[in-house]
Every structure is written in structure tokens, then in C-alpha cells.
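Shared between the two complexes below is subunit A, which has subunit B as its partner in the first and subunit C in the second.
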Partner chain A sequence: MSEQRDHLPTIMPTSNRPINAGAALDDDTARLDAVAKVTGRARYARDRYEPNALFAAFIRCPFGAATLTGLDEAAAKAVPGVVDVKRTGDEGRYHGEPVGFVVAESKHALRRGLRAVAPKWKRGSVKTTITDDAGPIPATEDDVAEAIANADHVIEAVYSTPVQTHSALETHGVVVDHRGDTATVYASTQGTFSVRDGIGDALGLARSEFEVRCEYVGGGFGAKFGPGKEGMLAAEVARRHERPVYVFCDRAEEHLDTGNRPSSRTHVRVGFAKDGTPLATRVHTWGGVGVARRGGGARIPSQRYDLGSVQKTHEDVQFNAGGPRAMRAPGWPQGAFAEELLLDEIATVAGVDPLALRRRLDGDTARRAMYDLGADLIGWSRRAKTGTQSSVVRRGFGVGTTSWPRIPARAEAEVVVHRDGSVEARTGTQDIGQGQRTAMGVIAATKLGVPLRLVTVMIGRSSYPVGPGSGGSMTLPNTAPAMMAAALDARSKVLEHVARRRGMEANELTIADGYVIRGEERLVGWEDACRGLPDDGVTGRGDGRSGAAHRGEGTSAGVQFVELTVDSETGVIAVERVVAIQACGQVVSRKTAESQIIGGVIQGISYALFEDKLLDRNLGAMVNPNLEMYKIVGSRDMPHIEPVLWTQGQTGVRSLGEPPVVPTAGAIAAAVFNAIGAPVRHLPLTPDKVLAAQEGGAA
Partner chain B sequence: MPHENDDPTLPGAAPPGRGVTRRSFMQTLGISAAATSALGGEREATAAVADDTPVLGPGPVPITLRINGKPHTRTVDPATTLLEALRVDLDLTGTKEVCDRGACGACSVLVDGRLTVSCMMLAIDAVGAEITTVEGLARGDTLDPVQESFVRHDALQCGFCTPGLVMASRALLDENPKPTLDQIKKGLSGNLCRCGTYTNVFNAVLEASGQTPIADAEEAMP
Partner chain C sequence: MKAFAFARPASFAEAGELLADRRYSLPVLKAGGMDVVDHMKEGLLEPDLLIDIRATGVRPAGISRTDDGGLRIGAMTTLAEIAASPIVRATAPVVADAAGSAATPQVRNVATAAGNLLQRPRCWYYRNEQFHCLKKGGHTCYAVEGENKFHAIFGGGPCHIVHPSNLAPALAVCGGRVHLTGGDRPSLSIDDLYHAPAQGVWSEHELEKNEIITHITIGPASRSGFYAVKEKQSFDWPLVMASVMLRTQGSSITAARVSAGAVAPIPWRLPAVEAALAGVRVDDDAGLRKACAGAADGANPLSDNAYKASLLPVAVRRAVLRATGRDEKEA
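== the complex of A and B ==
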């Protein structure tokens, strides 16, 4: 079956989410690449085993700090199938830092070669957490200190979050098919063009001489921009040997050296009035950036709540670990966790309902309406007052909020209409699972006025029109206006031809449901109309600016409600239900939009309950660089999740990727506090911490 | 083991797999070598280890795997896992490699109908078995009902976990045609999805087994 037939749209209505009926430009079409993905025909970069390919991998430091004192290159080169061994450095500053690489004819030879080099190491001393090196909190400004001191109540607390790895199921990697004066680069990337722009020198080719392709990408979540060291290694080896080269991290390497959501520590002192209104807040955060210099910011205050006069300071703290990379709403879930739990602690001291407190502190009109809807849907009236339950299994309710800006980026698109009526919608941007392919098809078909089955979406190639990387929720908000403009441009070109042949004015005509229409009259069917086009068809072009009228302004607001239980004897938390209300402007494809929200919530649950990159405090080595000990939420931990697409007052296409992951962990922490009567201020919310909090009050 | 289930109605609870001992494997080779000239080289391999303790490797070993109803013969390194044989040697890349140590289920296939993580099985141990991969579920353009309901309920995002979840769902329904939600959660607990598709997968499996997906609350938008 050809790839294009794999992308044929299928109209498949579902009725289990009545609240979202009619929310989108397209409610019922299944994801365009769903068939390719469920049949195994979708070919990811990691699936490219080119004939005659070489395999390469890094030799990596196994400790938090160590000097390489010996490497048996001769032994490795003697292994049948090993082609090359290279030492590139002597110092390992973190577990996983590359100090050389091996190239071999097969995966087996590569593995044996990596064993045979038998590196010798001299270990150094290590730092493994923020607290090993955190500086003091800078002085508090006088007016803030005074306002806090004069308040009716003061809460002073420390919150912390662990290192979370992106753990995309397709690891980082690149396959380079080098043919001497041209090359094809198959990348698992969130940024087609970022790979092109970063890999050219290593390939020894001009940007015009090679193409980057990412037809399917097995997740990214912020860690996959640029060629990465994997891509640079593949390019260099491919250039040297003029052969295809395959470099993909294994699961351990993925945890160790492809970025992470940095750990955080948040110290808060807040003074508030009797009714819970914050008067002044002093926040200091530390971010754990490993060997990187920055990137550890934690977004508290979020600006969604009025916390009185605020003084915020931040320090990035280095230790012996791989550095962070942007991870789905970088810095925001860390901040939201501390802030949402803090608000519930304030409400409890003040004796007010935490939802009522948020309503008072949150000025956003959309969210204020979302609070009402969500409270009804979750059944907030069933919430017991915090600290009043004594049963074995205790029920908790929590709420958290989110927002995300629309970040402008350059984006262009093309819509080609052929004489046979078939349509190509082209953008070089990538589909990393968010549904970009589907959204592009829906937009092109809708704006052109033809059925989606006529449209072939062509994405993920550096030879297609330029667009942003999939970070900061930038892809659709910027490519949607470009694709709309391209489709409208193609439409007017088609209509000009039809009008000219019939002696009409183009502006009398329009296209809808696959017909050219004048007034009420169906003038001619789409395919017949296209037959009159020039041989090479017509091409409509659009960019984000020409589509400015379709651009969404403003933020994507959201509110999430959580219902859970805590077993007070075992400390185990069972999340039962999450209602996630999310605005994102004009929804394009209902199903993929719902999935984005559900996926954000699920990652938030995983962050709240399980994930923790643990380093051995003596060796500095990660003790759980796998998927059995680095625990990610699984099917048995799933609540019922209800994504609600908020459409009221929404204009343009806005951000959707990041906002749903922001509030979940905070809402869960608030719900746990509600259930057991003591806050657990350190993620992940594992049973030991829950039990300790129950025993001793705040943990 | 793909699953550590306590519920005997679920996949993974079956007794330890069929397993091909090295000895019986060599016998298999001997028979096939006699039967087909294409495998001529194996006669010597058999002869060379004709005593009681046959040893495979360290050199490459010719094997024949029956995959999706068709035999495929390749010469592989004896350390090759079934997963690597499928992906690297046979270019059947629908089966995904994610953890390579039995923790995620992305590499799930059916071996004689039994759900198996192919990264934890040597290719030479799969000789003689009937292997079904995700490529073998659809009949031409007609999707398996599990695949079709995955598509309908958007039970996939990036799609990298999807082949494994499709196979695990198929195996679950083969053993338990009408699983409860709880049985579905247990039956799929060996499969990790990072994008977060689990709840849509549950709905897909419910629908593929003729049951009603779980409906969200209904409420008018203000």
C-alpha cells in the first residue's frame, strides 16, 4: 500500500465526548496517519536500516566524575566487524558524557567493540543534587519583608521537584545516507530545519545538497532540536566513509544524555490576610542544571494569581549530571506544583474553600467561567474540608490552572492544485504525535472548499516550505495561518481560471463541498473545474503574515480538576478522575486536540506520582537508567480523563501542546493535601512521603 | 515475560513458553537442511556438532522464521534477538525497539499465539514457531477490528508504542473476548506509552470487543 493511501482520511464519528461535539473545524476525521501507525507501516528514522550501513555509538563515562586512564583501542579494533575506534576526550563530568566512539559493520560488532575497549577510570568526587551546592537566599527587600511580617498569617515552606527525563519512546538519533555529493538525513526531530541548519558542516555539504526527512517522529517533548551529538557523529562518520550511518541512543543513553526537566527547589514565605488574600510573597527558587550553565528556571509566581507584592529570585545550581533541555512547558509544572499546593495551604489556614480563593485571585475571564463548569463536572460539592477525614481510604479534590502564550515564528506553506483535482498541502514542519499532519490537511481542505480525501499532506522535509520547530506550542498557531493563506491563494487562482473561461468575475465565485458555486448555483464540480487549469496546476502560497487575519492572539487558558483517593494505611494514591478544560482558540481537529490534552494530563500524573532520575550519591551514576526502575505511569494507574475543549470567545488558532501538562501535578498535590490533611511538598508523591506527612504534619 | 499477571484469563499468565532447546533446534536444522537445498550449508553445521552438546556460533547461524504465515531464511549472529531479526535482518520495522529489556512492550509480537516481548527472545529460539507481527494483522486493506477501533478512538499519538499496544490488545481479546475495564488495564499493563494514549486505548479495546466506550459527563458549555 502506498504511503499516500495510508494517509487517506476516514470519517469516524465517536459519541463518548458529547461536550466537545461541534467544537472543531473537523470533529470526525481520524488522524491522517493513524492507519500507517496501527499497521506498522509508518517508518520512523529509527527504522531506517539502509543497506551497507555502519553503526556508531559513543563510549560514555559511567560515573558522575571520572578521568579516563586507559582505553584498549587495539582490542576493540581486533573485534571482527569493528571499523573505527576514537578517543575524543579524557574527562567525564557526568554519567553518560561521551569520551569517544566506536564504528562497526553491525549492531553486534558495535556492542562487542564497546565492550572490548574496556575503559579504565579514575573517579573524582561528585555533587548529585541541588542541596549539595545551593547558595543562600538573597536578602528580602524591606517592603516585602515588612508586608509579610505585618500580615495576619505567614506560611514558610520548601517545595521540591525531581529531575524528569523526556523519555520519548523513539530515542534520539539520526540516520545519514551519504552519497558523496548529496545526502539524505533521516532524523527523529522536533525541528526539521534545525537539523538542516546544524548538520551541514559535519556532512561537508551545502544546505542545498542534502535533505532532512522526518516523516514520523516517535515523540520529543522538547528534547529533540538540532542534529544533536548523535546526528553530528552520524554525519562525520558518513562523510568519512561515504556510507550510510545509523546512530541511535539506547534507553540508558536516552536517560543520561539527551536532556531532562531540571529538578527544582522553591522556598516561599507568604503573608496573607485572615480571608486568605496574599499580601506579600517572597519566592526563591533553585534549578538543578547538571553541568549546564542555565535552564533551571521554575515559573513561580505563574502570574495567574494575585500574590500581593512579590519578590522572586532564582539560582541555577550545577552538579554532576547531564544538563536540562526544554521539556513540555519548561519551568511551568515545577512552579505550578508549588504554587497550587501553596494556595491550598493558605486556604486551609484561612478556612476558605481553595476554589473560592482561586476565583478571588484569578482575573482571567475564561478561567473564571471554567471554574464553574469544572466544579460541576467533577462534583466539587462532594469535597470534604481538608483534614476532616478519618476513614482508611480518604477522598481528595484538587484544582489547578494553566496558561500559555502564543509565540510568533516564521512559517510558510504551499497548496498545489493539480489538473486532476488532487491537492498537495506542503509544509516542512513535523508531526511528533501532536497531529500536525492532520491539522494541515483539515485546514487546507476546509479553506479550499474540497473534501479532505483529495488532499495529500506533505510534511517533514527540509525541501518543503519553512516552519518552526515543535516547541513552545508554536507549530500549529504559526502554520495554521500560513496554510490557510496558501489554500485561499490556491482557491482564488483556481477561481480566476474558471471565471476567465466562462467570462465571469472571479469574485462572484466560491468553492464549497467540492463545487464551484455562484450565488446558490453549483456551477461546476471541482474535478471538472481543475481540468481547465494549466498543465502544471496552480500553486497557492501563504505565510504567517499573509494569514494574519487568522492568527490567534492571546493565551490558551485552562483549568484542571482532580478527584483521587489516598489509602491512609499504605500511602498509595489512586487518581480516579481528571476534568481538563482547555482553551486553544479555534480547534482544528477534535480528536487530535483531545489527545493533546489527555496526553498532557497523563504526563502530569506521571510527574506527580512516579518519575525521578536518581543519582547514586557516591558514584554519581544514575541508578535507574531504564524503564522498569525509572517509573512512568502505566495503564493500571489511569483515571478517567475528560478533555473539554473550551470554545467560548476563542479566536484564531492558539497554543495547545504545553498548557495541559502544567497544572496536573499541582492539582494532584492539592487533592492529596485535601484527603490526608497534611501537604506533601516534594514530588514524586510516593507512599513513603504520604505516610510521613500523615504522621508528622507537613513533609 | 511481557506481563506479570495474577489473573489466569489474561495473556502472560500462561505457563512458560514453548522454548526451543539448542538441541531440538539443531535437530530442526538437520531436518530442514535435508529437505531443502537452499539451506545446504546447515548440513555441515549439524555434522560439526553431531555429539550430544551442540553449540551454536560464535559464527553466523542460518535460521528460518515463519512470520505472518511466510517462511524467511536468514543467516544471523546467534546473539540476535527476535526483535533484531525482525527489524534489522528482515526489515519488518513495525515492531519497535524501545527499552530492549522487557520493560515496555513496544516489541510485542505473538509467538504461537502467545504475547511475547521479542527483545527478550533469541531469534534462534523462535525457529519453528508461528510468529505474528503488527504487519500481519490486517488482511489487505481490511484492518483488524482492534486496529480499526484504535484509529477511531485516536488511541495513538506519535505511534511508537502503538504496534505493541495493538498486539497486546489483540492477544487480550483472543484470550478474553469481552474484558472488563479493569481486565483491560491489567492486560495492557506491560505496555508503556509516553504520549499518553492509555484512556483512548481502553475505549478502543472496549469497542473492538463489542462493548460501549466510556462516556464523559454531559454538560452544556456555558
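== the complex of A and C ==
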């Protein structure tokens, strides 16, 4: 029972964050799969090397645009171990687009086969950036144009963000074990049920005839819904050969063809009063969608600030690159980057404190209180006025905001109590690293009133009760009420049995700390009580309706403060501290909640400073499809991050996954502007751009 | 990756015999293996014999003092050993800091001194099998018209790589020499170890096929300093780096050696800066600034890397300040 052992809770107090003590149903339990994950015992889909498995991979276009003029299928088939070679298309519209695939008996034979097919390509001309084919800005409505023209001040500026790839540690992939009339699908997915719903036809099986399993996921971030082309290939090959098939992207494929956060350009023209109050704002955004048709939206205005009368238009721009997919708060970090930096530019022109300006423009009561707490924690009073520093190393402070709605989804849960006192908490949703397994265990244990060590959490299977995909930050807000209801249902069923045997009324009894209690009296221990259950135990059930009382309402508001330094001679930015205040309703597991916030901030820092999917302008090939030249934040670039769980007035479980990634890049850009006195309006904020901004005033 | 034979010779002589073995068309030496294995995985190198000289008796003893007050560093000494060595720190801090600044702790624990000197460039066109660039027998340097943010601002092409070694410029300013076995030459200076692309684009160094570096020697360089500017402070290749060695009398600089990295296809000596530094007092901030200001004179940037010309004087001045034991960001 290694799985059971893996789930034994580990207690590691987070004494370094006393500010969050007592905020959660559970304060100190480390994630239930922490030991399994750090020891390598956790078995990811990518680790599924089934006996007798085949391996398959796509033949991909190596350029931005190219026609396949030759493919040496015979040579590839002559490679020992190569089972099949198939050409599926002739046109590559982007680097990484599949035009065929190879199937082989081993990974090595597969690689040799992929080289032996030696595709011949005729290259075409390419567009590689969002600006290559961007249309003009549509006309501004008269009243907006007039309001801007009549304002005391006007700022007109262009902000841009690069393509960011999801760069999940576990790449995209699926292993299909096809046994003719049944199958098991091991998926690295954010949507166990979305894989089930998408892969059945390719398997040639009814949904009742196969199971999707997703025990662990090495990162999702929005790009892992449905079976994907990897899953479809695995299913097709597995069905044909009735053998297990393994299809996982390598690192380059992961960068090239599994979606991305699209690039953006934001043109803003804002007219504002002497005190910085925006009167009217004209926003036009372009989204770089590669060969896709849509999905490039940038969320500006965010609606968190009053920007006067606003006219917003948007155009999605195509070029020769893989299309976008949802990525952690799709569209929001792009918008927040431009909006937060713009607010600081307005504040600087108006000569007002940018925090004071936000307080004036932001009507959210929770955030207004967060501004005060955050300013205190970061030491905002130490902030020098923008453009006043002349030392080599200059200090900057910035602030940004976020919010996230609760998105409803169907979720069901079961809590089984066995006669030996052990408990199973079941729901089909997956843990993509956010701590879902831990949260489900904590909820089942606390609502039952038993120690967490008695609970085995069973998630990530399509045969378990249905639950949502992990996107839109909707996993826990929807599964928590269902699991709470299931645990309470199981609890009352246990108590009914105890009461019946003792001739009592069930409503006289409760369970706490592993005992059945009547009034002040410990009536019987949990395990003894469970011995009186029927042979097959009892099962509690919950869903969105029965759990409605536990549902969180309203939005998850947040504010982040950044302190950093800029070396004015080298342009190198060192982020020193981030204070991230975040509401998420009732916190279930303090550690995993804090970890969600920290993770969002880290991804935001990486986006702000480093990440950039770069295509060769002539050939359209990505020049940095690895983790060496596609730069992701590392340990020495990590600031001290202080997550603050906002508990004031919070009831019910709400969203947490996405909101912490929204404001970070904008707050960093604002802090850089504060330090050097010139806005750097284009991510990533690399030294060359910082130096250029210093020299030219604005970049 | 093709199948290959794997050999573990017991001596340099035996390794040399294997290199000369006519049964193999492409025998390749592997020390730490950092770069060789990368090349094999990328499909850029397909040796039929891999000669592992790391974990055998040929591994020369690490670091020792020489009679002239310098150091002898075994070819297979790891970057981590160099960075942590008290005698390197005392004798040539520029070398300790250059070694300690490279890559990651994991890489430094495996990568060797000689491997660092002979590693191939990190140019993203060179590293990508799809680009048949000059270095691979093609006719084009894709960086010229393409993405060249991290490429050379000196050296004149036709290939615009930057040499990736942290150690090479640091050893160069310490009068470093590589000592060889297997050929006719007993040693080469670091400055003579490399050639510009115009003198041959298929390799970066002057070693013959059978020559193996056994160890490196440097002269005393207690007043020396290293400074690298990186975008990312964890695991990133420097945008520019500077190595400086000073001779001083009282508080005056009497002689200086300056070599820049990540700006040219070879470690790039800056003789004009060396000359300008002579006679400047180490506490004369304006004088040091002036002497270093011309570090990028003569640079010929590509479309996207002119910023390197702005960074280079800063890196050189900071390396000078470090050589004098001062905080580089205060002056």
C-alpha cells in the first residue's frame, strides 16, 4: 500500500508566516503527496512505461512556413524497431506543426526513425511577430476623443508583452493502454473528464469501456485540457496495434506546439485631470494568435479602476507560430502590465502618489483595506519620488491589483467510512499541483471530525464522482462544497448507526478529535464506533446543491506590492520583496494556499523579467526552444515573497489559482519606473531595454 | 543518437592512442561530458568512440602552487573545486570568481577546467540541428540577418559567435598556458589557444586532433578581478564579462591586463584599456572611469546587440574595482 503510505500527512509548521496563523481549516499540514513527490515515488503519466509499449511522435515542420517536398518513409521503416511511418499533411504553417508521425518499439528507435525520414522542405515567407500584420487602430468615438482632447494632460503610449510558453515541468502527453475492448488512459491533464469526453472515438470505445487516470500532474497552467493531439495520436496508434502507446512531447515540442500566453500590444491614449483622475481612455489592443483565429484578448481596462469613459477595441493578429491556449488568468497579466504602468505614468505626470491614485480610482472595499496593510508591510513610506534618484543602484516600489470571480461547475464527491475506521474521500478532479488532494483530505477529515491520517484521498479518475477541470480557478470552489456535504452526510450516517445501537437520538451526537461525543462526554472512539457499521461501511454523498451552504460568493480580490532595485549602469533588476495580499474566501489548507500565491508571484516575476518565445525573423523557427535560452526565473532571482491570506469577512471557498499571477508584472514595471524615472513599456524587462529607456526617456 | 563505443583509458598516453585508432572515424574525448553529451543529444555530434578521461587514473591532481608563485591546475579539476580553492582565491581571485560564476552548482560539480576552455559556442543557430550555419559547413551566419541579441560585437565575422568560456579570459589575464600531450607542442598560451572565425570557422581552438590538455598554469595575480553582467542571476550566460589583472606600486597601477568575454568569438583582449589604466591611481574614480570608457571602442554591433557596447566599459571598470578590493557599485 505505497499509495496509502504516500498520503500520510507530514506536519511542518510554517512559523515564518505568523500573519496567516489560524486562517485555515488546517494550518500546518504539508501537502499529502509532498513525500511522494520529492522522493520520486509519485508516478506521473510520463513515468508510465507499460510492458510491450510502443512510442510515437510527430514529424514536425522546422520552419515558420514550409511545404514538405520529400519524406523518406522507406528509410525510416528500415530502421530496426520502427513500426510505422505516416504522412498526414504537406504544409507547415509554423515551427512545430505536425505533418506526420513515426511509431517505434523504443524511444531510441523512435528518434532514429524521426531522423531517417529526413524530410525535405521548401520554405515560404514568414511573419513572426504581432506587428508584422497588425491592422490600424479603428476611429475613436467623438465623445471619447473630445474628452481626451479637453483633458489637462494626455498620455499616449504603446505597451507590449511577449509570447510566454506554459513550460510545464511535465510536458504534454498521454499513455494509452489499449486492451481491445477496454483501455486505461494515463493523462497529464487539467481535465480528467475532458480527456474521457474527447478520446473515446479515437479509442473506438464507449465512455463506459475505458478509464482516464491522472494521479499526478507536473504543471498545467491552462494548456492541458482534453486529450490534445498527443492523446489522439496515442489513442489512434494504440487502437490499431492493441498495445500500450506512449506519446510525450520533448522540451522543444512543449515550447512549440502546446499553446502559449499570446503576445500583446496595447495602445493607450488617456486624458486626465490635474490631480491624475482619468477622464477618458481610448484603448486598442492587438493579440498575437499565431495561426489560430482568436484567443489573443488582453484584459485592459481591468474594470478595477475608474478610467473615465472608455472605448476599447481589439484585433487578433495572425503570424507563423503555434496558437495560444488558456494560460493562468488568460489575458489578465498582459492587461495588468499595461494598466498598472500606465497608472504610475499618470500619477507621475500629475505629481501624485500612485498608491493614492489607486485608492481614489478603486472602489473595492477589500482592496482599499489591503492597500493600507500592504503599504505598511512593504514600507511604502520609503518610496522616493519617481525620477529623483541618482545613485548607481536605485530602489523602486510598485503596486498592482487583481480579482477573480467564482465560476460555477458541476462537482460531486463521496466519503466512504469503512468498518475499520478508515475513510476514502473520492472525487474525480485532478491535482495539478495546486494542492487539491490535500484540500480534499483536509475537508473530509475536518467535517467528519477525524484525524487526517485516517483519510485516503482518491482523485484523478474518470470512474470517480464527476468534477470540474482545473481551469478558471474553479476546482476547489466547486469541489469543496461537494466534499463538505459528502463528509457531513457520511458523518450523520455514522452517527445514526451509533445512536441506533445505543438507543439515542443522532442529533444529540457529534464527532470531534476522533471521538463520538454527547454533550461533554466522549461516548466512544471513532474506530470502535465504526465497528458497528454495516459490513460495507457507509457512503456519504455531496454535490453542488447539497453543498450550497458552503459555497463562497463574490470575487477574490488581491493587491501586490513590490520592492526592487535597478542597477542603473547595467540595467539589471533585482526584485527583493513581494507582499502578496490575497482573498480567497475560507482557506482550507494554509500551506497549499500560500504556495499557490507564491507560485503565482514567481510565474509573474519570470514573465516580467525573462520569458520570451523568440522566432527567427527570416525563417520563423523558434531560436530558444529549450530551458537554457528560454529563460525562466531561477533561485538567485527569487525575492522574499510574503503571501498574506486575507481573512476579513471571508466565508465559503473561492478562487485562488489565477489571481496571484495577474498583478506581479505590472507592479514590477511600476517599481522599475519608480526607480529609474523612465517607463519600460515592453516585457520582458531585460537590461538592454532598461538602459535604452534610461537613455531615451521612455521605451 | 547513434550507437558508439565507450572507452576508459588509464592514462593520457592510452587516450592518445585511442584518438589515433584508425578503426574509429570520430573518436571524441569526454571529460565532464557537459558539452559533449549536449551535442550528442542535439544531433550535432555523432562519435563512434567516446573516450571518457574523467573517472580514470589520468585525472591529474587538482591544484598546486608553482615555483614562480603561480598555480598549476589539472585539466580535469572541476569548476567547483577551482571556485572553492583557497589558493586560487589567494593567487588569482579572477579565476576563482570566473569559475564560481559559471552555470549552476550542479554543472560546476561536474564541468572541468579544460572542458570549459574547449566547449563549443552556445549560439542558438549553431546549437539547432536545423540551421546549417557556417560552423556546420553551410554558407550563412544566420545571426547577421536574424536574432543576434547575444552575439559578438567584436571579431569581424564571418561567424558571430561569442566564446562561452568564463575561464578563458580570466586565465588569459593571469598569463595562462595550457600544457599539452600527444603532439609536438608542450604548451600554448591562452591567447594563442583560440583563433578568430576568419582563421577557421569549424573549430574555435588551435589544438590538433591528438593533442590533449593535461594541465593549465597561471602566474601570480593576487590583484585581479572578474565581473559578469547577466540577465538572470541563476544559470545564465553572461551578456558581457570582464577579467582584469593589475600590477601596482603603492596605489598606482603600473600595468594591467584586461580580457573581455561574451563579446567576441575569442577571449577579447583590450590593449587600449590596458594602456590607459597604467599610471592611474586605484582610488582615482574619475581616472578609472576614463580609462575604461573606451572598452568598446571599435565594436561593430549587429542589429540587436549594441547594448553590449554600453555594458562592456561598466563590466571592465567593475572588474578593475574588484581587483583593487573595492565595492564595484560605490565608485
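As a convention for this text, the second predicted complex is superposed on the first by the 698 of 699 C-alpha atoms of A that agree within 3 Å, B and C clash if a C-alpha of one lies under 4 Å from a C-alpha of the other, contacts with A are read in each partner's own complex, and residues count from 1 in each chain.
The working rule: contacts are C-beta pairs under 8 Å (C-beta built on N, C-alpha and C of every residue); 3 or more make two chains touch, one makes a residue touch a chain.
Fair warning: this is a prediction, and the values are worked out from it, not measured in the lab.
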Q) Now for A:I432: first (subunit B), second (subunit C), both, or neither, which partner does it touch? A) first
Q.
By residue count, which of the two partners contacts subunit A more extensively, subunit B or subunit C?
A. B
Q.
Output check: A:R251 vs subunit B and subunit C. Expected answer is one of first, second, both, neither. What do you get?
A. first
Q: State whether A:G634 touches subunit B only (first), subunit C only (second), both chains, or neither.
A: both
Q.
Between subunit B and subunit C, whom does A:R31 touch in the aligned arrangement: first, second, both, or neither?
A. first
(Q) Let me test your reading of the model: by the given contact rule, A:H108 touches which partner, first (subunit B), second (subunit C), both or neither? (A) both
(Q) Once chain A of both complexes is superposed, is A:T570 in touch with subunit B (first), subunit C (second), both, or neither? (A) second
Q: For A:F610, select first, second, both or neither according to whether it touches subunit B, subunit C, the two together, or no partner.
A: second
Q. Where does A:S194 make contact in the superposed view: on subunit B (first), on subunit C (second), on both, or on neither?
A. neither
Q) After superposition on the shared chain, which partner residues are touched by A:V623: those of subunit B (first), subunit C (second), both, or neither? A) second
Q. Do any residues of subunit A touch both subunit B and subunit C, and if so, which are they?
A. 108, 628, 634-636
Q.
Under the definition above, what is the set of subunit C residues touching subunit A in their complex?
A. 1, 43, 122, 124-125, 128, 130-131, 142, 145-147, 149, 229-236, 239, 304, 307, 310-311, 314-315, 329-330
(Q) Going by the contact rule set out above, which residues of subunit B touch subunit A in the complex? (A) 77, 79-80, 84, 87-88, 91-104, 106, 133-135, 137-138, 141, 143, 147, 150-154, 156-163, 166, 184-186, 188-189, 191-203, 213-219, 221-222
Q | Of all residues in subunit A, those that touch subunit C in their complex | A | 62-63, 108, 111, 115, 392-393, 567, 569-572, 574, 609-610, 614, 616-619, 621, 623-624, 628-629, 631, 633-637, 686-688, 691-692
Q) In their complex, what parts of subunit A are in touch with subunit B? A) 1, 10, 12, 14-19, 30-31, 33-44, 46-47, 49, 106-108, 167-171, 216-219, 221, 250-251, 369, 372-373, 376-377, 432-435, 579, 591-592, 594-596, 598-603, 626-628, 632, 634-636, 638, 640-642, 646-648
